[in-house]
Amino acid sequence: MIPRYSRPEMVANWSPEARFAIWFEIEAHATTKLADLGVVPKDAAQRIWEVMLARKAEHGDYHFDVDRIDEIERTTKHDVIAFLTHLSEIVGPEARFVHQGMTSSDILDTTLSVQMAHAADLLLADIDALLDALKRRALEHKHTITIGRSHGIHAEPTTFGVKLAEAYAEFFRNRARLVAARAEIATCAISGAIGTFANINPSVEEYVAEQLGLAVEPVSTQVIPRDRHAMFFATLGVIASSIERVAVEIRHLQRTEVLEAEEYFSPGQKGSSAMPHKRNPVLTENLTGLARLVRGMVTPALENVALWHERDISHSSVERMIGPDATITLDFALARLTGVIDKLLVYPQNMRRNLDLLGGLHNSQRMLLALTQAGYSREDSYAAVQRNAMKVWQMEGDRTGQFAENLKNDPEVTLSNEQIDAMFDDAYHLKHVDTIFTRVFGPAQ
Amino acid sequence: MIPRYSRPEMVANWSPEARFAIWFEIEAHATTKLADLGVVPKDAAQRIWEVMLARKAEHGDYHFDVDRIDEIERTTKHDVIAFLTHLSEIVGPEARFVHQGMTSSDILDTTLSVQMAHAADLLLADIDALLDALKRRALEHKHTITIGRSHGIHAEPTTFGVKLAEAYAEFFRNRARLVAARAEIATCAISGAIGTFANINPSVEEYVAEQLGLAVEPVSTQVIPRDRHAMFFATLGVIASSIERVAVEIRHLQRTEVLEAEEYFSPGQKGSSAMPHKRNPVLTENLTGLARLVRGMVTPALENVALWHERDISHSSVERMIGPDATITLDFALARLTGVIDKLLVYPQNMRRNLDLLGGLHNSQRMLLALTQAGYSREDSYAAVQRNAMKVWQMEGDRTGQFAENLKNDPEVTLSNEQIDAMFDDAYHLKHVDTIFTRVFGPAQ
Amino acid sequence: MIPRYSRPEMVANWSPEARFAIWFEIEAHATTKLADLGVVPKDAAQRIWEVMLARKAEHGDYHFDVDRIDEIERTTKHDVIAFLTHLSEIVGPEARFVHQGMTSSDILDTTLSVQMAHAADLLLADIDALLDALKRRALEHKHTITIGRSHGIHAEPTTFGVKLAEAYAEFFRNRARLVAARAEIATCAISGAIGTFANINPSVEEYVAEQLGLAVEPVSTQVIPRDRHAMFFATLGVIASSIERVAVEIRHLQRTEVLEAEEYFSPGQKGSSAMPHKRNPVLTENLTGLARLVRGMVTPALENVALWHERDISHSSVERMIGPDATITLDFALARLTGVIDKLLVYPQNMRRNLDLLGGLHNSQRMLLALTQAGYSREDSYAAVQRNAMKVWQMEGDRTGQFAENLKNDPEVTLSNEQIDAMFDDAYHLKHVDTIFTRVFGPAQ
Amino acid sequence: MIPRYSRPEMVANWSPEARFAIWFEIEAHATTKLADLGVVPKDAAQRIWEVMLARKAEHGDYHFDVDRIDEIERTTKHDVIAFLTHLSEIVGPEARFVHQGMTSSDILDTTLSVQMAHAADLLLADIDALLDALKRRALEHKHTITIGRSHGIHAEPTTFGVKLAEAYAEFFRNRARLVAARAEIATCAISGAIGTFANINPSVEEYVAEQLGLAVEPVSTQVIPRDRHAMFFATLGVIASSIERVAVEIRHLQRTEVLEAEEYFSPGQKGSSAMPHKRNPVLTENLTGLARLVRGMVTPALENVALWHERDISHSSVERMIGPDATITLDFALARLTGVIDKLLVYPQNMRRNLDLLGGLHNSQRMLLALTQAGYSREDSYAAVQRNAMKVWQMEGDRTGQFAENLKNDPEVTLSNEQIDAMFDDAYHLKHVDTIFTRVFGPAQ
């Protein structure tokens, strides 16, 4: 976790305070249920909640003393025991009824589920904000014509709004994927040392799951199976790759020779300490790097699946790092991308200038079809169009109107000048933009 | 693709013949719709279908001449044009109406969707077969007691059926993931050079999609967006990791010192040419390697997402390799795992022998709880149980009953011999096996 | 392995014929040494070589019948035994002395070493050819001025030769890395079932190693340790990433708006079947994809290191795929890149045009330093330069000379017109090109 | 970076204090050289060193005020400028001569080189300590006989010392790889905004490189080329995989049924809070996870190579995370592994017990060779040995001596009892242990 690539709410999700709060709630809910089952005294269960909820009312949170827990852990060498000791310091003797028949992993794994589910909620909100920004800018530029490029080479016109609509559709898919990934990891396991419920009734698991808004893990083995977590991190890797896609698009559009769009550059900002003329797409370059980082965490998560027998602890160090790092980095990246989209400087006049750069060549396919329809063989049509296109390609200086001009002057092209000119109508390319927008944003936008 | 790790049906899915058949159907359906729209003559569209369906009726498939197409491609240097030329050799002049207003990528990308969707169908059938095998063996060994191990160290008893139930639940999840992944990539794009439908009506895309059982891609950019494919391959990586998990479990169980289960070893089989006594878990070791291969294809698929602008072709070489390789390898691996599970030799007597190896130590938690309930502090209970357990751990020779014996002889342990003996009842650990099976397999099994 | 991304010599290296030839030579050399040690009859060892060398003299190779070996393997279910049986069909009864005291892995692993070492030799030759092409074009364009870009934004001038010199230096490093990687895997192990030489004298290993040009593996465990192979494949991943770097550079330079260089486009070539005007950088886009593929094979090779105990066979399926695939793909990619560099179309006039696009802003740093030296504070200098630069940045139309003009008109900039004009001398930026070239190519070029 | 998986010296290497100290030294050495060149006043250069060295003498370090630098950065929004401002607060007006003609990347990239080189030095010391531990324990157990296992199944005997010798040889290779990787990244670049030395003489770079113990980067492009860093991180990934290999070996040996070695378990340690009988290999399981983490950082480093043109800044966020994380994690892992090896509990009596588990089957190859030499065909020999071996394999209870017994009772095996008994001499397997040790540790150990 790098502070400069972190946002406070997601960092807080992985803080010791957040972890201990979840530990407490799991233990307390379990104790409530154990009291129902007659395993522990009802008034003890009640008292624990009362003390802690009063504390929360007073302080805004359960107010555990993290330093004190660390201090106890240095003696006990066991984090859960240290926590329980500290809890009894707060609650008093009733705390001894907490954790009856439970295993540390019951607490730790279910806590990870709560943290990951909450991380997913924050990421979903991030995606929603990004979708809002993408939609707003897409509608704004629905009809802003720009050249579409395949292979980095001018192809045919599209609109800047359509580009953003594609990004919207992609993040709309990512939203659905993340909802599914959240469901994958939002499970609760309180099943004991080997998952057999030897020392605890399955109804405790069911009760705690319900209280925490989790599903019951159907069969656990001391731990929740790690294919769930693998799927979660793999999904984050896909989302990171989509971020990279949009980032790369903007980096391309900001290149000096292109300059169709630009990251917002505030008054007083310095692009380079050495070269005062610079305005660099540093935010989207940064997003490209952050995407690599999140992607790099997918394979360790996949390698975590094949634990030995009912569990080994090799997954733990991996998750201690990638749990926070992947979600904090992705949260930061989504928010940064939203900011970039939101304030993106768009230059329609440069788009128009670039579109015209090749003197009308973006209509080469249309001309090819026209010749074919006029009775030329496909081969002859292609040769005629390519021949006249390449002349434009290779000329120096202003190419405005040159493609049409060349065609008109080509004795083997027998279309009339009017017929040729009719092929250079940009509206032809944009006639289905409405269709696309309706597909992406629905009929009412 | 390695022949020894391939199965014919999945290989066929990626053959030139299969590819050309899909190409034809996309072109022919599109031509039908174009005829409806009045763009091409209706009888031409009809004639193309008639010729080709007659051909299929006669030969069992469309019977394209792959060598001939290759020969034409050597001249035209374009695969789709070579195909269309060959089609006109078969169909005659009506073929010139095929491909009107379409782009090569319309064909190529939609074909990849059909192939990947079919690959997913084959993989789903593989998972179903695996689920069947896992369920059958799980029910067979529902009550076969065996030691559960955390960290590779004996923990508490479970049953071999519960182990298999966990694998079943995991592949049940994998099935759902694959269904979702199939939906991700089962889309159709016939939207032209830059996705704007400049030269083809969107209704053609809708018609072809319907005919092929695909969804319409809401917004494409010459190509279908690659976040879809990334999600598909990421899902295969998760499934491969689950395969590895089961494979590693079996490899462990077959270790000489453990030998609780064993890959089927046929009469006449040789485990090693040099050492005639060997019976090695070579199939599950192989599955471990195959899992690495499939996992290694996830990152290239993720890197494919950030294509430049409306498309660059860098994804193509990646998909030419990982499209077939990932699905063929996973298909083979799933089938191999099913065979292993199906014929797995299970040794309940060895499970029992191993369970007893530590002289009853697997009841240490239960004894700890009993002492706590008898009024000992948690610390004193732990010390007493650990002290007596470690003596068993370190002794040589037969440990049968030693843990109970030590406890009875420990003056600080004041439980009666009857109370101690009552702690060594294995049924205690298995009382919730029914609950777990109901959760995994439902009430009727 | 995809035929279209393969070259015959590297494919041949991984053919059954090549493999069997190496098998034979390992067996025959070992037999020679065993004869020296008195373990097998000297004339048998001699006879084996005589028969096979005569065969090689006649046919050009040892002329093993691969189909026949496959046929025998279907009975024996063991590849090495099938080979030995076929060898005895050729050589006669003397063949029974072959393989005495050896283990299959002795043959298989040493063969892999020979194949990988030979693959490395081919790749080294590929890199040498690439270095030649890079050097030739670098010297050709040593003084071809072009704008250097950081963040995709114009920075300061450099030369196209310097760009290629950087690529040369990078592949010069890659060459050294590959030499080291070759040494990693060029080892011989003939040490028996568990690496203890129980049934074969270590001098056999030493003799065979010497004959094959391999080093002796100091300690093997039935297999050669896989950290060696991991290092080999990791090195290929680095080289692939360098290929991607050069490929991305060319893709950028070929963008329509930039067009400073272009992949060779042959007369009659079609860039797009739909859009006849297109000239796309498809070769370098393809190289980008191939780089992803090779990179994706690094992690499986790393996962192969941690085999269980003295060996498990999980590495085998991985290496069957990535051994050929990584080397064949990289060989193809290096050769393709060499061809691209060799025939690259370079457009110095476009480089000049782009360089001038920002009206002299590439001298902003120089102007900043000049103002500082003239006594302005760094802050004031920066503000003055930025202020005048941004005016150029935002203007429409031809910017030639505008930066100097603005500075001259700025009342707060007190430099004389002559002083300002002196800052716009491009030779200033290129004065150390010789130094760089001497560092990269040595004093005599 | 996770505190619990970190060691202070490596953490310090990446601290702001360490970074600023390197920044200062680069700037100060450059100023010294610029003074030699007459660009800045000699007494200013001298004064800067005098002030700062006096400060270092007083405080033990240069004593930069990190909070103050952060405070300035909040205003200037530029880290290097903030540092230089703070430097001038300490040194006085002479500081204005610092950084003349330099670019931020000159400082930042060269600093990264110094930090990575120092990290490599720490890792090399870690490996040396590990090699010492491995050698000591290897010599201690040079003759401790143990069963070698292929596929997890008993094969033939080796010694525990030979196992450790293999690990020693592997880390000896890793040491050489890391020395090479250190040389890769230990370069200095002070070459200006685009690597052309436009505003600074190349001799400054040469001087600073020499002072810092770095090589000169032959050609840089504002940044040092990232293939160097990729090779560095790839090498760390290989080393991590070797750590995993040893870790997996120990985890296997500690399994309850095997228990041939065990991580040190201190008096008073608790293996599990729930199950007091447990002694788990948690350190080596942790190492397995840490290996996954370091491995996961290789691909992001490879993806960093293909920066755009003369540089983009996408690599920066990746390196901010993996620079510290990979080296800190690997440093911790190497030290942890050294501790594990150093204190490893080894149980030769359990090794002996396991070796005898299969009643002598580990001599099956030897018996096979003996029968062959006695004139049996290979097929008949194999059948006889396998037949008698499988009987042992499948029997219940104590198998001591059973393989020999069966052979003696087999009417088709005509060897005498003496001949058969002679095959069960373990020294036969260990006769070349000296050879192996001499190869690995040299003649004098």
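All chains are identified by letter, namely A, B, C and D, in their written order; residue positions are counted from 1 within each chain.
The rule is simple: contacts are C-beta pairs under 8 Å (C-beta built on N, C-alpha and C of every residue); 3 or more make two chains touch, one makes a residue touch a chain.
If you want to know which protein each chain is, UniProt gives these names: A, B, C, D = Adenylosuccinate lyase.
Predicted model, so just to flag it, every value in this text is computed and none were measured.
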{"item": "Both-way neighbours, i.e. chains that touch chain B and touch chain A", "value": "C, D"}
{"item": "Pair joined by more contacting C-beta pairs (B-C or C-D)", "value": "C-D"}
{"item": "Separation of chain B from chain C, taking each centre as the mean of its C-alpha atoms, in whole Å", "value": "33"}
{"item": "Geometric centre distance via CA averages, chain D-chain C, whole Å", "value": "25"}
{"item": "In chain B, residues with contacts to at least two other chains", "value": "149-152, 155-156, 192-193, 251-252, 270, 272, 274-275, 280, 282, 285, 288, 295, 299, 303, 308, 312-313, 365"}
{"item": "Chain B partner contacts - residues on chain D that touch it in the complex", "value": "147, 149-156, 251-252, 254-258, 270-272, 274-282, 285, 299, 303, 349, 354, 357-358, 361-362, 364-365, 368, 382, 385-386, 389-390, 392-393, 396, 403"}
{"item": "Interfacial residue positions of chain B with respect to chain C in the complex", "value": "1-2, 4-5, 77-78, 80-81, 103-104, 192-193, 251, 269-270, 272-275, 280, 282, 285-286, 288-290, 292-293, 295-297, 299-300, 303-304, 308, 312-318, 320-322, 325"}
{"item": "Chain A contact footprint on chain B (complex, rising order)", "value": "101, 148-152, 155-158, 162, 165-166, 169-170, 173-174, 177, 180, 184, 192-199, 202, 216, 218-222, 225, 227-228, 230-231, 234-235, 237-238, 240-242, 244-245, 247-249, 252, 288, 291, 295, 298-299, 302-303, 305-313, 365-366, 369, 428-433, 435-436, 439-440"}
